[in-house]
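Next come two complexes, and both contain chain A; in the first it sits with chain B, in the second with chain C.
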Partner chain A sequence: MSLALPVRKYDAIVVGAGGSGMRASLELARAGLKTAVLTKVFPTRSHTVAAQGGIAAPLANSTEDNWHWHMYDTVKGSDYLGDQDAIEYMCRRANEVVVELEHMGMPFDRLENGKIYQRPFGGHTQDYGSAKMAMRACAAADRTGHAMLHTLYQQNLRANTQFLVEWMALDLIRDPQDGAVVGVTALEMETGEVSILQAKAVLFATGGAGRIYAASTNAFINTGDGLGIAARAGVPLQDMEFWQFHPTGVYGAGVLITEGVRGEGGYLINKDGERFMERYAPNAKDLASRDVVSRAMTTEIKEGRGCGPEADHVLLKLDHLGPEVINQRLPGIREIAIKFANADPVREPVPVVPTVHYQMGGIPTNYLGRVVVHEGSNHESIVPGFYAAGECACVSVHGANRLGTNSLLDLLVFGKASGEQVVKDLQTSPKPHRNLPKDAGEQTRARLARLEAAGSGERVADVFAELRRTMQAHCGVFRFPDDLAKGVERMKAVAERAARVYIQDKARTFNTARVEALELDNLVETAMSTIVSAEARKESRGAQARADFPERDDKNWMKHTLWYKEGNRLAYKPVQLKPFTVEAFEPKARTY
Partner chain B sequence: MDAAADSRSKEMRLRWKCRRGLLELDLVLETYLQRTRYDGELVELLDLPDNEIWDFVSGRRDDYEQRFAGIVARLRAT
Partner chain C sequence: MKLSIYRYNPEKDARPYMQDYEVQLEHSDRMLLDALIKAKAQDDSLSFRRSCREGVCGSDAMNINGKNGLPCITKLADLPQHVTLRPLPGQPVVRDLIVDMTQFFKQYHSIQPYVVNHEAPPERERLQSPAQREELNGLYECILCACCSTACPSFWWNPDKFVGPAGLLQAYRFIADSRDQDTAARLDNLEDPYRLFRCHSIMNCVDVCPKGLNPTRAIGKIKDLLVKRSV
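Coming up: the complex of A and B.
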């Protein structure tokens, strides 16, 4: 490929058409900017569709509530790693973005009086952590994400947003003068053609990357494309050691078995048939918090009491509940167990493992969605033209641990805020497009040319499987020093293998093998940043639980990790402890 | 385009259309495609929203259009 790549010009490009991408693009299109949204799959098939629980907002429709209580819960939930300015900003805009969505036609569940119905959710309280739960989650049955995507898609059609469907972004183009982002290279799957999409603003909304773990609830599309692209372009990734796990994903598949199963009386057993949670949490037993249950499961497996030929999972027993309870109170569970575990829970226990669910880290941004990097003594140096929102971004509102229903809120608030910021940046000081650097697209051409030329090497599927096994075994929900150190070395070997992958199918059009090879590069950056950051953080905080450092260490570790691809190195920056208008919430032990 | 290239292209297009927002569907469709290279009914079914397809495949709902009876049965058996 020696010819120059074709160039298409836009005011703004959004990469990703899930909740945050479509909320952002709506602002851009409404402002009349020439906007393109790139997406690997049709917008309403983005992974946001899987979100069930709801959107947190202190509307106070059923219980007394306010943004300051919500802020307290979010700061505490983050285990004091969340930035308190961004958290205040999010909680103060929550009601606005939910009401807006309602006015767009989102079919929220309703109260008798017509107001949005709100339900309680773990970690959301009244009066700064009192025993009284806040009813704060706004939902559309158990299909909140689905309803939100459809609502936002319709609004975008109305605003004339241009969607480039089945396009994959490949690399960032930066101006060598000041590092400003001036576009991306992208692959149109239909034709196999690679183009340069030149823009004054590039906004990443590529979602999470949970596929780096063998046990993951994430859909196959969640390959961390935005993270990989940013890392290859020299942008650091922040707080990547923090991944939220769910205790009961179906072994070998990842599909979630809801907590409701244990709520109804289901319990976990090890290979000896022992109800082991009685030893770890004598009172709450199987209903202890997610992290406690997940760590106990990992300990059982690590100490040789796991089940199956590989002794690598435990069992969730519910046959004693009887078919009536299972069929009536736990709809869908029996189908999931039969389909994905080949086990009918009416008769036999279901194999489960702690399963990765959500990524707290990502591309560092401020509360306006602008990507910020660390330069000298300035921790918040803005990368001109570059924005990020949603799960791929680290604002950071979730810190070391996210509260349920705060993720959809994050998508809405920071999708909107980043879109507003792009509009402001482009309209307050209108400038022509910057010239593309001479070598624009060279990085992409080199990657594709290598794939094109390679006649032998590693198979993509083999390297991907090894990557996922490595992360699961060495950097799971409970982390051990030897495992982490060996895991870093094993990941380096995976990265070397990934650089030698080849594909047999060299066809230009609709070449899914090529797409998967390109995705693998992004998975490698995500996994490497995760395990290197986790190995270095010598404390337990939120989702990072280390056997050798079981306590939170605010003196040494109340700081954000920044991982750089170049040199595989780390830097740190302080947590923003100062909110905008209220007193800071001082760190306390996080107990519930 | 010759016939072989045309059928390859249709297969690949279907393969990508099977990348969904719900993991449940990714898994079922991945298994199904290991045995079936191309299925025209599946192409049409995949235009429905993810949750609706999953409701049909998991047996939670049976109110699918008659034209999908064959493919829903095949996916249920997967």
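Coming up: the complex of A and C.
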């Protein structure tokens, strides 16, 4: 381990080959930049593959629609924590990126007139929040993410993108002069070799970290690698207290059941068979925003109206849609319900429970995908050479709560925008690679050397399980002051244990124990940032619902949280309330 | 339950061997992958791929009691008390249940898996009728898990020359797409004694596909098109 790490040089490196990473890499490959896309799994195995319901775009194929309405819904859905410049940017580019995806070969479902099929989705309305829902979710049955991820991979093949498959990024390398990012260290899993990948631009598209909760819709690979890497390198994480609990995870298994089920006409019932959302959201009912529906479900369960012997879940009813609609529009859901819930939705309702699904926070970026940090009075200070897009980034378009189908849109718009920005930055003022700092790779070598040397200590699986239990118990749908304070202490103990983990397997070849130990470091940063940020925010907004501060407090808390690993410290920055070309949407009470 | 698992670490094992694991199942364990993760908790050197744990990413394909499948959607209740797990057949083993899938992906890449349309893209979406879109059902859902190709004797003998069921299913997916204009070139690419015609309709692919797809039918349709074109 004392030898210098081998160095590979690229113009640009993309970390992650999900929707945003592959949308970005397409721009880089087409521009002829020497690019490598690092990915822990073969690209089509990235978690974008599991997205189901659709991609938001105001194509107006079935109902009248426009980007202004979409923008309003997104701002309102964010509970006024979203940055309105970025939201305007996303909504205005939605039609462009979705049509482009269609041209790439995306197998969207179709209407009789041959246009893309669109379905209603939670929180998407016509005419600035009227009771009329907009049909805005462009869908490929209930496999939209799968279809999109494969389409993007196919286009990258065509563009000759270079993938480094089953490579895991480990740490960021920054120039000590000005903090510019000049590369990453990475582990090639098959050989166990660690290298420095040097680049003029590093773009993170590493996805979310839903695995920090015990019950999660997320894949095993969603361990917040980009967040952990950024945090260790001194970059703050923004708005990490905001985690979306998806209303319909399969009870007991966590697997996702798309909101598209409710878009197609399904609804939730309690043990009395009551369609309870009518009480909580008289207009939108089951198509209220996800935070609203998840709180309503949790309240039903808490007040004793849950279903099953433990009264700990509710039911999603869709049999009334008929086998034809279910088989044509929701075939994947039927498959999942039969396999994971032992319930065929054609005949019986599916037991569901709010389940952690999506991280609204992440690495702070502007709408062009450039990572920005807070320095003195400038909260938009650019980190040279560093970009982020997709779930690992916080642009922030989702604010305190994301609308369904806006995530795939986020991947496309900001994947493309960040790719375009990298091309522009590298081509308008071409510069040679900066020299690597003398200690490049030292941090990584130290982490690996400790794991190599440790012959005893904590087991990775035990510490990880404790981390997930802690987050589940202390930072859920409803948050309580004592729980949060205790949770912070419990997480500190988890972090201490994580520093003492050991692995028995010391092999070089495809050592998944080592990968899991390295992932644990990233999970710890993500979980710690979440619970510390949640404990500090003394209000309820979007996905953060505090029992002791049940109201939104715009006067004191309409601001973004920034968490720094060093010192476990928090700072805040203002929300961008000014869009580019339209009037700002002023905060008002949020009802559906 | 008892899991007998194929073990091989090229750094220390002269040859592969089978290792047994006793796993205590709990009520919350539903799928074979849950049991496999419990085995790994006993022995962290046990190596396998996994990600989505719901049958859409295609990572965890392996041979389960002699038949290829995905442990994440294989119900424990449907399995006997003793389960034997081996890597996908016919592929070079990297370690334990992890195989080198280079050849498999090379064949997928060889069929030009992307829509080719030579006209300038319109401002809005290209139109496609519901009936035209319907043609893609049973094709686009492939998750590239390789269960089918690695169950195919023709692919075992000629993995470098025969495209295999997964690649051919995708070849037909693009032929069947009304937006694609490259059918002639796609057929040329497959008109070869090996690439397409090594399929002898053994139908192992259909038998093992965890998504219920039918590569043999798609291959038959490509063969029909080639015949039609030659007359």
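Operating definition for what follows: the second predicted complex is superposed on the first by the 488 of 592 C-alpha atoms of A that agree within 3 Å, B and C clash if a C-alpha of one lies under 4 Å from a C-alpha of the other, contacts with A are read in each partner's own complex, and residues count from 1 in each chain.
FYI, a residue touches a chain if its C-beta (ideal position, glycine included) is under 8 Å from a C-beta of that chain, and two chains touch if they have at least 3 such contacts.
Keep in mind it's a predicted model, so treat the numbers as computed, not measured.
If you put the two complexes together on chain A, you find that chain B and chain C bump into each other. Look at A:Gln504: by the touch rule set out above, it reaches chain C but stays clear of chain B. Applying the stated contact rule after C-alpha superposition, one finds that A:Arg450 touches neither chain B nor chain C. Applying the stated contact rule after C-alpha superposition, one finds that A:Thr512 touches each of chain B and chain C.
In the superposition on chain A, A:Gly105 contacts chain C only, with no contact to chain B.
Residue contacts after overlaying the shared chain place A:Leu157 against chain C, while chain B stays out of touching range.
Ranking chain B and chain C by residues of chain A touched puts C first.
Touch criterion met: A:Ile336 reaches chain B and chain C at once.
Once the two complexes are laid over each other on the shared chain, residue contacts for A:Thr44 go to chain B and to chain C alike. The single stretch of chain C with clashing C-alpha atoms against chain B, selected from 169-177, 205-213 or 223-231, is 205-213. 41, 44-47, 49-50, 143, 146, 150, 219-221, 253, 255, 332, 335-336, 339-340, 507, 509-512 are the residues of chain A that lie in the contact sets of both chain B and chain C, per the superposition on chain A.
Chain C meets chain A in the complex at residues 9-12, 28, 30, 40-41, 43-45, 47-59, 73, 75, 94-95, 98, 101, 105, 109, 112-115, 117, 121, 123-130, 132-133, 136, 140-141, 143-144, 174, 177, 179-180.
The touching residues of chain B, counted against chain A in their complex, run 5, 8-9, 12-13, 15-16, 19-24, 26-28, 30, 49-51, 58-60.
Those residues of chain A that touch chain C in the shared complex are 41-42, 44-47, 49-50, 59, 99-100, 102-105, 107-116, 140, 143, 146-147, 150, 154-155, 157-158, 190, 219-221, 252-253, 255-256, 332, 335-336, 339-340, 459-461, 503-505, 507-513, 516.
Note for the complex: chain A touches chain B at residues 40-41, 44-50, 143, 146, 149-150, 166, 189, 216-221, 253-255, 331-332, 335-336, 339-340, 507, 509-512, 515.
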